[in-house]
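Both complexes shown next keep chain A, but they swap its partner, so chain B is in the first and chain C is in the second.
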Partner chain A sequence: MWRYIGRKSVIYMLTFVIAVTINWMIPRFMPGDPVRSMLSRASVSDPAALERMNNYYNEIFGLDTPLYEQYLSFWAGLFRGDLGVSIMLYPKPVTDVIMGAIPYTLALLLPAILLSWIVGNRFGAFAARSKILDNSILPVGYILTATPYMWLALLLAWSVGIVAGLLPASGGYSFSLRPDFSWVFISDLILHWILPFLSMFLVALGGWAIGMRNMIIYELEADYSNYLQALGAPRRLIRRYAFRNAMLPQITGLAVQLGTIIAGSLLTEIVFNYPGLGSLILDSINNNDFFLLQGIFLFVVVGVLIANFIIDIVYVLIDPRTRVQMTGGAA
Partner chain B sequence: MTNVAGAPGADKAEPTVGGERRFAETLHFARRNPKLLIGLGIVLGFFLLGLIGPLFVDHDPNEYVGPQSQPPNGEFWLGTTSFGQDIWAQFVYGVRSTFLIGFFGGGVAFLVGTAVGFVAGYKGGWVDDVLNMLTNVVLVLPAMVVLIVAIAYLDARGVLIQGIFIGLTTWPWAARAVRSQTLSLATRDYVDLARLSGRRTWRIITSELAPNMSSYLVMTSILLFGGAVLTAAGLDFIGLGPTNGVSLGLMLENAVQWSALQLGLWWWFIPPGLGITVIVSSLYILNVGLDEVFNPKLREL
Partner chain C sequence: MTLRVKDLKVYYQTLRGDVHALDGVTFDLEDGEIMGLAGESGCGKSTLGKSLIRLDSRMRHVGGSIELDGKDVPIADDDAMVPLRYHEISLIPQYAMSALNPTRKIGRLVTELLRARGVRPGDIEDELKRRLELVGLSTDVLNRFPIELSGGMKQRVVMVISTLLNPSLLIADEVTSALDVSTQRSVAESLVEFRDREYVRSMVFVTHDISLVYQMADTIMVMYAGRIAEKAPVKTIIDAPRHPYTQMLISALPEVGSTSTEERLEGIPGKPPGLLNPPTGCRFKDRCPMAFDKCAEQPPLLEIEPGHWAACWKTGE
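Up next, the complex of A and B:
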């Protein structure tokens, strides 16, 4: 078990190093001069100001020093927690800006991922090999996974939020309120949370249901299922065994799908104007705030790595084969 | 669907009696599988729409041609935007670019993924270790976020560049799947024979390994195609789409940016999203149909 976790940790460390390297490389090796394009889009006309800004950015990127020195100082800055200063919200440091947005993103992501996974697995297991359910849930599941996150979000925002006027369709809380720990604010927060959550939940749900349904069908074809059936075991029992075996690939699937779901949450936030990382990404792109954009990139990568690590540990704990190894096989 | 037809085509290079019978059997089940027929029908329909539709549009899709904010009517089938752009024109061009990005993005991902998977699975040893490590690293990196950062720095963007970038970030799961299939095939006797007879690695891969998992490769390419379409739509929606281009994702972005939601211009944002959803879900359902045709265990009795 420790070997398994050790191997995985090596991969995660490597991924982190590569992500940081990508982050460092992109502005330096992409065609074109990042400093000039940033300045030209900011459209500064005064030549003296342009010169000053040019020097400032050159200094921040450290473009005058040799490459390896730039690379090392980039890492050094990272360990100090220094991701630069946001251009859009000058002079706020990038780390602070991101920290303010992360609670909103997590509040959407975690419930959407976990609930869709649980409910989707139940649905899928239930639908497998029962003709009527299979023929209705399967197409619905495929349509849901094929739906672009932002489109379902748009449909919900428009139908429930604007036409029916049932729930707020924009923002994380009403403009009239200030964030505090009052009941009014929290209920307002929850009302604004429902629609974005629902739209992410629905899109993610389809994929899990389909995955589980397919896994169960494969498990029901396996020898142990046929054997149990031949012994005359009740259908429920066979299904329960199939479900437990099908869980393991679904947990791995959770790790694989994580990137897609995060991308989905970013898109959903943009539609609902929800004050999380997604809206921040959109703002930073529109304002050419590359420091902020790269900071968000690093935060998301670190989040994905932590989540992957947790999933690995859960997998090890759940998989009976590794569990037996842990207790020395005495059980 | 050139890359889909390409994989089983390798099968026909050396026709044998067994191969022909298998092909006939596959065709027999394929013609009776409603999922495959419906999925294929819809995908082909949209493909033709994207191919032919723009020929009947005699103006630039982004041109301001009509009255503003018109609901769908006889002249403008899907209505107009708040600038007076013809949404039907944008839609057919958008469908075309959806297929383009699917072919490019899915194609690049398919090439990289299968190449890595075959080589890793067949070569084994340290080659496998290195490639597997690479696959796992790219798998963990959230593709969309990497794409956002990379593409944000590009000044001029086109469908081709977008496709290459999408392909380079979305291949890992395909590589994993192909690798595990290759591992199970690589120890078969006929592969050993081919190796003993001194054939080159890539010949063994293309003539012994690939044909025996052609059905698997076809399905992988379809899923990669669908994935590329969805990823591209997301990028377009954030505003990282092709510069001055037309795509379904860009239509959604414009609709949101110019507050079609608040103005109630539902004909602006429903068609593009619906188009993507229908194309991709038909691809997925087509894939299930193929799975049932190729895999006897899944056939409904």
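Up next, the complex of A and C:
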């Protein structure tokens, strides 16, 4: 078991290094000079002043050094938790900007991912082999899962938020409030959270329900189910086994889906103008703020890697077949 | 008398119509009898095996009755069959290698199954361990997952699980087909031993391997195209078969000790008829060298000598 975790950790470390490197490369080789675009906003007409300002900023951001030095100092900064200074929100450090956005994204993503997975699996298992549910509610699941996140988000924002006016359709909290720990603020936060959460939850829910339903049917046709039925085992026992075994591919599916879900959250956050990482990504791209962009991607990469690592370990714990293969039968 | 099957008809429902997989099957099985059930692929032998315990969703009971120890076996009523299953009628399936839930340790699987069938696992634990040792397994397998066992070990585990409640009737469906020859023999011997120790009262051993049946069974029943061709004690079937199909089937087997290389073994020319629209009369008549006018009528299954049944106009004379 520990050897397995050790081997996995090495693989994840390698992935991390490669991801960080690519992450560092992309913004730097993108067209456009961030310092120039920042200066052009300042409308400095004197070329000498412009030149000096240019040099000043290049020095601050470390853009005047050779590329390999930039790369090494990036790693050095990474270990100090220093991701540089944001250009867009100069002189705020990138880490602070990201830390301000992360609670919103996590509060949106974690419940949406986990609840949709749990509810979807339960529901799919329940619907499998029940003619009425199979024929009425699963088609709804197909429609939901085929719906793009942002389209459902737009639909919800328009219908519930604007036409019906039931819930706020924009922002993380009302502009009239300041973040604090009062009941008024927290309830306002929750009201703003509902629509973005729903749009992500519903789309993911349909996919999980359909996947689970198909898996359960497959498992109920499996040889071990037939054997138990021939020996007169009650439906409840057979279903319990089928559910557990059908969960295994669903757990893998969750790991695979994580990346896509984060991309989905980006669009959802933009539609609802929600102050999470997604909106931040858009802003930093628009402003050529590649330190910030780099920092956000880093957080996303780390998040996906951690989630996958956890799922890898969970998988080993619940599937004896992986456990036997990975640990050489010492389970 | 353990088992009495009368004119059993079970059809498979398909989009193109009913497949007459069992079309009027009648036979008796004595206490302590091991009956080998032989025939070509598609002759209905596995269907007969399944029909005695559980019809799957495509199978439909069309007619006939099954009686076990004087009580009716309500095969068409799935719920009414549940009390009989495992306690009275049990099955070693064709797919024994994959019959165990891969994510449960074998011991826990057995415990859960027994509890679900109203048996206290504690009462039977010693017996379970004794029987595992009888088939040459250590009791340690109870702490293992199915993936940790070899195919032959899984087969034996399933054998023990299936017979744990001492059923009256055991259906062994092609249990040796996926095993190598030496394992086949030990599985067959264990089954005979189970009968001798009265773990099972009688047994239907479905197979296409007549030489294996010859070593272990008491009687052989040969099926052809959904019907019974002949049923007789093993020696009679091998040495003095009366039905032309059985005769050709037996002559198609290699003989032990035969060194002759000049004579090629003869197969049976032709193919069995499709069972979607089975032909009238004797179903073997198109391939039968002895066929004559009367074969257009269906021959009845008659007892031509005590314990020897055959369905052919030529044997009835």
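Assume the second predicted complex is superposed on the first by the 274 of 331 C-alpha atoms of A that agree within 3 Å, B and C clash if a C-alpha of one lies under 4 Å from a C-alpha of the other, contacts with A are read in each partner's own complex, and residues count from 1 in each chain.
Rule of thumb we're sticking to: a residue touches a chain if its C-beta (ideal position, glycine included) is under 8 Å from a C-beta of that chain, and two chains touch if they have at least 3 such contacts.
Just so you know, these numbers come straight off a predicted model, no measurement behind them.
**Student:** One more residue to check, A:2. First (chain B), second (chain C), both or neither?
**Tutor:** So A:2 meets neither chain B nor chain C here.
**Student:** May I ask you to decide whether A:75 touches chain B, chain C, both, or neither, giving the answer as first, second, both or neither?
**Tutor:** In the superposed model, A:75 contacts neither chain B nor chain C.
**Student:** Quick one: name whichever of chain B and chain C touches more residues of chain A.
**Tutor:** Here the partner covering more residues of chain A is B.
**Student:** Return first, second, both or neither, reflecting whether A:56 touches chain B, chain C, both chains, or no partner chain.
**Tutor:** The answer is neither, since A:56 touches no partner chain.
**Student:** Considering only touches as defined above, state whether A:266 meets chain B (first), chain C (second), both or neither.
**Tutor:** Touch status of A:266: first partner only.
**Student:** Looking at A:237 after the superposition, I want to know if it touches chain B, chain C, both of them or none. Which is it: first, second, both, neither?
**Tutor:** second
**Student:** With both complexes superposed on chain A, which partner does A:23 reach: first (chain B), second (chain C), both or neither?
**Tutor:** In the superposed model, A:23 contacts chain B only, not chain C.
**Student:** What part of chain A is in contact with chain C in the complex they form?
**Tutor:** Of all residues in chain A, those touching chain C are 222-224, 226-234, 236-237, 241, 244-245, 248, 318-321, 324, 329, 331.
**Student:** Okay, in this complex, where on chain C does chain A touch?
**Tutor:** It is residues 53-54, 56, 81-87, 90-91, 93, 95, 98-105, 112-113, 116-117, 145, 147-148, 158, 162 of chain C that touch chain A.
**Student:** Considering only the defined contacts, which chain B positions touch chain A in the complex?
**Tutor:** Residues of chain B touching chain A: 133, 136-137, 139-146, 148-150, 152-155, 173, 226, 230-231, 233-234, 237-240, 249, 252, 255-256, 261-262, 264, 266, 269-270, 272-274, 276-281, 283-285, 288, 297-298.
**Student:** For the complex, give me every residue of chain A touching chain B.
**Tutor:** 11-12, 14-15, 18-19, 22-23, 26-27, 30-32, 34, 37, 138-139, 142-143, 145-152, 154-155, 157-158, 162-163, 169, 217-218, 221, 255-256, 258-260, 262-264, 266-267, 270-271, 281-282, 285-286, 290, 293-294, 296-297, 300-301, 304-305, 308
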